[in-house]
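Below is one structure. I have some questions about it.
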Amino acid sequence: MATNAAAEKLRFDAPGPAFYELDPVHFPRPLTRYWTEVHPAAFASGTADFARYYGMLIGGLAMSYVNGFGYKNVLPPPAEEIPQRFARADEIFEGKLWREQLKEWDETAKPTAIATHRELQAVDPDALSDDALKAYLRRCRDHHAAMIEQHMRFTASAVVPTGDFVAHLSDWTDVPLPELLGLMRGASPVSAGASAQLERLVAALRGDPDAQALLASTDDPHRVLTELRAFDGETGAAVTDYLDLVGNRPLDGFDISEPTALELPDALLRAIRTAVAGDAEANDVEQRIADVRAKVPEEHRDTFDELLGEARLMYRLRDERGVYSDIWASGIMRRAALGAGRRLASAGRINEPQHVLDAGLEEMCGLLDGAASPSADELGSRAAYRAAHSAKDAPATLGTPEPPPPDPSGLPPGIARLMRATGTALGALFGSSEAEHEEHLLRGLAASPGIYEGTARLISGAAEFERIVQGDVLVTISTTEAFNILLPLLGAIVTDSGGLLSHSAIVAREYGIPGVVGTRQGTELIADGARVRVDGTAGEVTVLP
Amino acid sequence: MAGAPVEALRRVPLFADLDSDELHQVALLFKKRHFVQGETVMREGTDGAAFFLIEAGEASVSVAGSARANLHAGDHFGEIALIDEGVRSATITAVSELDCYGLTYWEFRPLLLANGAIGLKLLQSLAQKLRSAEAS
Amino acid sequence: MSGVLPLAEVADTSVFGSKAVGLGEAVRAGLPVPDGFALSGQTVEQVAAGDEATVSAVIGTVRPLGGPLAVRSSAADEDGADASFAGQHLTLLNVPTVDALPPALAEIWWSANSDSAISYRKRVGLFTRPSVAVVVQRLLDPETAGVMFTRNPVTGADERMIEASLGLGEAVVAGLVIPDSYRLDREGNALERRPGLKRIAIRRKEGGGTFEEEVPAAAAEQHCLGDDDLAALSGLARRCEEVYGPGRDIEWAIADGTLYLLQCRAVTR
C-alpha cells in the first residue's frame, strides 16, 4: 500500500470540460516529459485524419497528460462536416477504401519512413559537436512526431475490416472472439518487412554451423551479436540487416524511456535462437477457416469470404503501422538523447546518462547550452517518480461522464456499420492485448449476506455515478449518503475501508444486496469492468477470469 | 439583506416586464449560494430544482462534453427548472469561486401562477432558445 | 423565539426533525448529550434567505454555546425506519464560531434543495418541498469515537457491536477506516475484539472545517478502547434501551475521558 500513500498526495484535475479515460493498456506507467510534450498534437492530428477519411462521427481523439498519466477523450466532429461524413461512411464499405490506405502505406508511407529511420540512425551522436547534437535531437523529435501522426493516421484501416468481420460473425455464429482473431494470422504469403529480414537471418544461420555454435554459446550476449555481425558473407550480411531493422526498437511500450532491443542483447539473442529453432507451427489455418465457415448460415457464406479476405489483407497493418513508424522513431530518439545524456553526465551536469530521458526536448538542448535548470536532482526525482508509480495510482476517469453514444441502429446504414465495426475492433484489440486476469480472491468483512455476480464499476465520487449501469457491483474506497442514489441500480457493494456499522454496510443490508466492506485493496485489485463474484456471507470477493 | 439585489434582477430578460413592486417581490425570494472553484453547479441530464443568477465569478457551460460558453456576473441559467423541474440541458461548472443568487421551483411557482407577465416572458425566452438550437 | 430551542425542550418532529427530537429525549432522560440547540426548518430557511431578524435571533440564542460547533441536519419528513438512506444529510463539523453559523445553515438549506436531493426525493416518492431542520451542538475533540449497535446487525444476535476509531466518529460512520471492532454480551463481557486498520483520524482544523490526519502505523493497528471504555459503552447501551427500547444505532464519542451520546436511533438493519 506504500505507493497508494504516495499517490494519495497527487491531485488529478480534469484537463478540461470533457470526459477523460485513462489508457492503462498502452500506457501502464507515467510517461516522460518529452513524450507528454510531443505526443498530444501528433496524436490529435493523426486521429482527426482517420476520422475524416472514414467518415466517423468523431472529430478525433485527444490525449492529455495528468501527473504523467495518459488520458484520452473523444473530440466531437465539426458540425459542418457531418453531412459529408455520412456520405463518406457509405463510400467506405462500397469502395473498400481501406485498400487505398494499404496501397499508400506500402508504396509511400512505409518506405519513406524506413528511409528516414535508417538515415537518422546512421548518425553517431557521440561524434557530433554540441550544436550539431542539438540540431540532431530536434530532427529526431520532429521525425518522431511525424511518425506518431502516421501511426494514428493508419489506425482505422488497421482495425475497421477486422472489426467488420468480427461484428458480422457475432451476428451469424457464436464462435468466440479469440478463435475469430486466429483466422487472421498464419498461412499467408510472406509480407515485406520484418519477416523477410528474419527469414533471411534464420536461413543464413541454419546454413552456417559456426554461427549456430556461437549462437548457442553462453558468452556475453552483446559480444555474441557483435561477432555475428562480423561474420563473412551471407551470415554477417543477414545479421546486420536484421539488427539494423530491429535494433532501435523499444522491446516494450512507446516512450523513449523504454530500452531498445540492442540495449537488451540477452532478450534479442533469445528471440533469434527461438526463430532459428523454429517451432513447426501447425499450418492449419485453412482448416480452421473452413470450420468457422461451416457454422455460418449458407446465405451469408459469400459475404463471409469477402469480409475475411479484407480482414486478412489488412491485418498486418496493425503491427506494421507502429513498428515502422513511431516505435522505431522512438528508439532513435532515445538513442540520440542518451548520446546527450552521456555527454552531460561526464560533464557532471546530470547524475546519470538515463536521467536525460526525463527532460523535455528543449530542456535537453538547454542543458547542452549550459542552462541552469532542470537541475540534476530534479531530473533524478522525475525518473524516480516514474519508477514509483503505475496506472493503478491514477483514477480511471476524470471529468463529467458524457451521455451514452447514439444507438447505431438508428443511424444511416453506412455510419451504423462503421461505428459497429470500429467499436467491435477496439474492444477486440484492447481485450486481446491486456494481460490475463488471474483469479483473485479478496477478503473483507461480511457486511450483508448473499452471493452476487456482476460487473465491477470503480467509482471514486459523485462525478462518476453516471457510469453505473443496472446490476453493477459498486467498488469504491468508502461510501457516504451521497451514494444512496445509486442503490436501486446495484447488485452488490464492495469497499476498501469501513466496518460493519459503516454507511456502506448499513445500506447494503437495508437494500438486501450482498456487501463486503473493509477489503483494504478492493479498488487496487479489482479492475473497472471486471466480472466479480461477491459473497457477502463469507466476506469474499472473487475476480473472475 | 434578504434576497437578491433588485438591480441584478432588472437585467434578467425574464423579469424585464415586471414593475418595481413585483421586482422587489421576486428579489426577496432569492437566496445566496456559493460554489467553490471546480464544483459542478448542475449536471446535464439530471433533474433541476433551481434557477441561478451569477453575482460574481465565472462558470463554464458544456453540452455533451464540449464547451459552449462561459458565464459571468449578471448572467443567469437554469430557468427550465422554474417551469417544470425538467432535466438540465447543460452542465455548468464553477471556473472560479462563484457567488450566485438562487431561486427554487417551489418559491417561484406561486409567483408564476399569480403573475401572467412573468409566464409570458419565460415562454418567450424558451422559444428563443429553441429557435437558436434549431438553427445551429 | 420558538424556532430555536435548547435540545431539552425539543419534541415536535414535524418542526425539528427526528434527529433533534431523538436528542431531546436523550437529554430529558439524563443521557450524556453535548449541549445544543435545535433550529426549525423554517428558521433555517429564513437564515438562508438572509432575513436579518432571524439571523440575529439565532446568533444571540446560540452564542452561549461558544465554539467550535457541529451543525447536523435533522430532516423533518424523512423519518422512521428508512431514515438511514433517505437522502442528503449534510453535517458540517467545526463551524468555528457562532458568527459563522448563518453561511453554514445556508449551505445545509441548499444541500437539501439541490438538484440531486430533489431528484432523490422524487425517486422515493416525495414530491413535497423539503424542510430541513438543524441541530447545533458544541463540537467535541474526541480521543476515540464510533458507532454501537445494541443488536448484531448481521446475525441478529442479542449482543452489543462496537466499532471505534481515533478522532471524530465520521471516520467510522462514513467508513473511512477499518475500525477496531468489539462484540460484547448483554452483561458487558467481551466476546470478540478485533483491531482494525485506522490509518486516518478526522480532526478539527484551526479556523474551521476538518482534515484527515495520518495515524502512525503502530497506533493504526492497536486497540483504541480499553476495558473501562467498553464498560462505559455497555452501560450506555443499557440506558439507551431503557429510554428507547431495543435495537439502537448509537453514535458516541469519548472526549477528555467522558463518554458522550451523539445520536441514538432505531437500527434499520
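We just call them A, B and C in the order they show up, numbering each chain from 1.
The working rule: a residue touches a chain if its C-beta (ideal position, glycine included) is under 8 Å from a C-beta of that chain, and two chains touch if they have at least 3 such contacts.
Bear in mind that the values here come from a model prediction, so they are computed numbers and not experimental data.
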Chain occupying the most central position, where position means C-alpha average: A
Most widely separated chain from subunit A, with each centre as the mean of CA atoms: C
Chain pair with the higher count of C-beta pairs in contact (A-B, A-C): A-C
Subunit B-subunit C separation of Cα centroids, rounded to whole Å: 35
Centroid spacing, where centroids are CA-atom means, of subunit A and subunit C in whole angstrom: 49
Distance from subunit B to subunit A - Cα centre to Cα centre, in angstrom: 45
Two or more partner chains touched - positions in subunit C: 116, 119
Set of subunit B residues in contact with two or more other chains: 43
Subunit C-touching residues of subunit B, taken from the complex the two chains share: 1-3, 28, 31-34, 42-43, 46-50, 85, 88, 102, 104, 106
Of subunit C, residues touching subunit B in the complex: 48-52, 103, 106-107, 109-110, 113-119, 122, 129
Subunit A to subunit C touching residues, read off their complex: 445-449, 462, 478-482, 484-485, 487-488, 495, 497-507, 509-511, 517-518, 520
Residue ranges of subunit A in contact with subunit B within the complex: 13, 16-19, 73-74, 76, 79, 400, 402-403, 463, 466
Residue ranges of subunit C in contact with subunit A within the complex: 82, 84-89, 116, 119-120, 123, 146-149, 153-154, 161, 163, 172-179, 181, 196-197, 249, 268-269
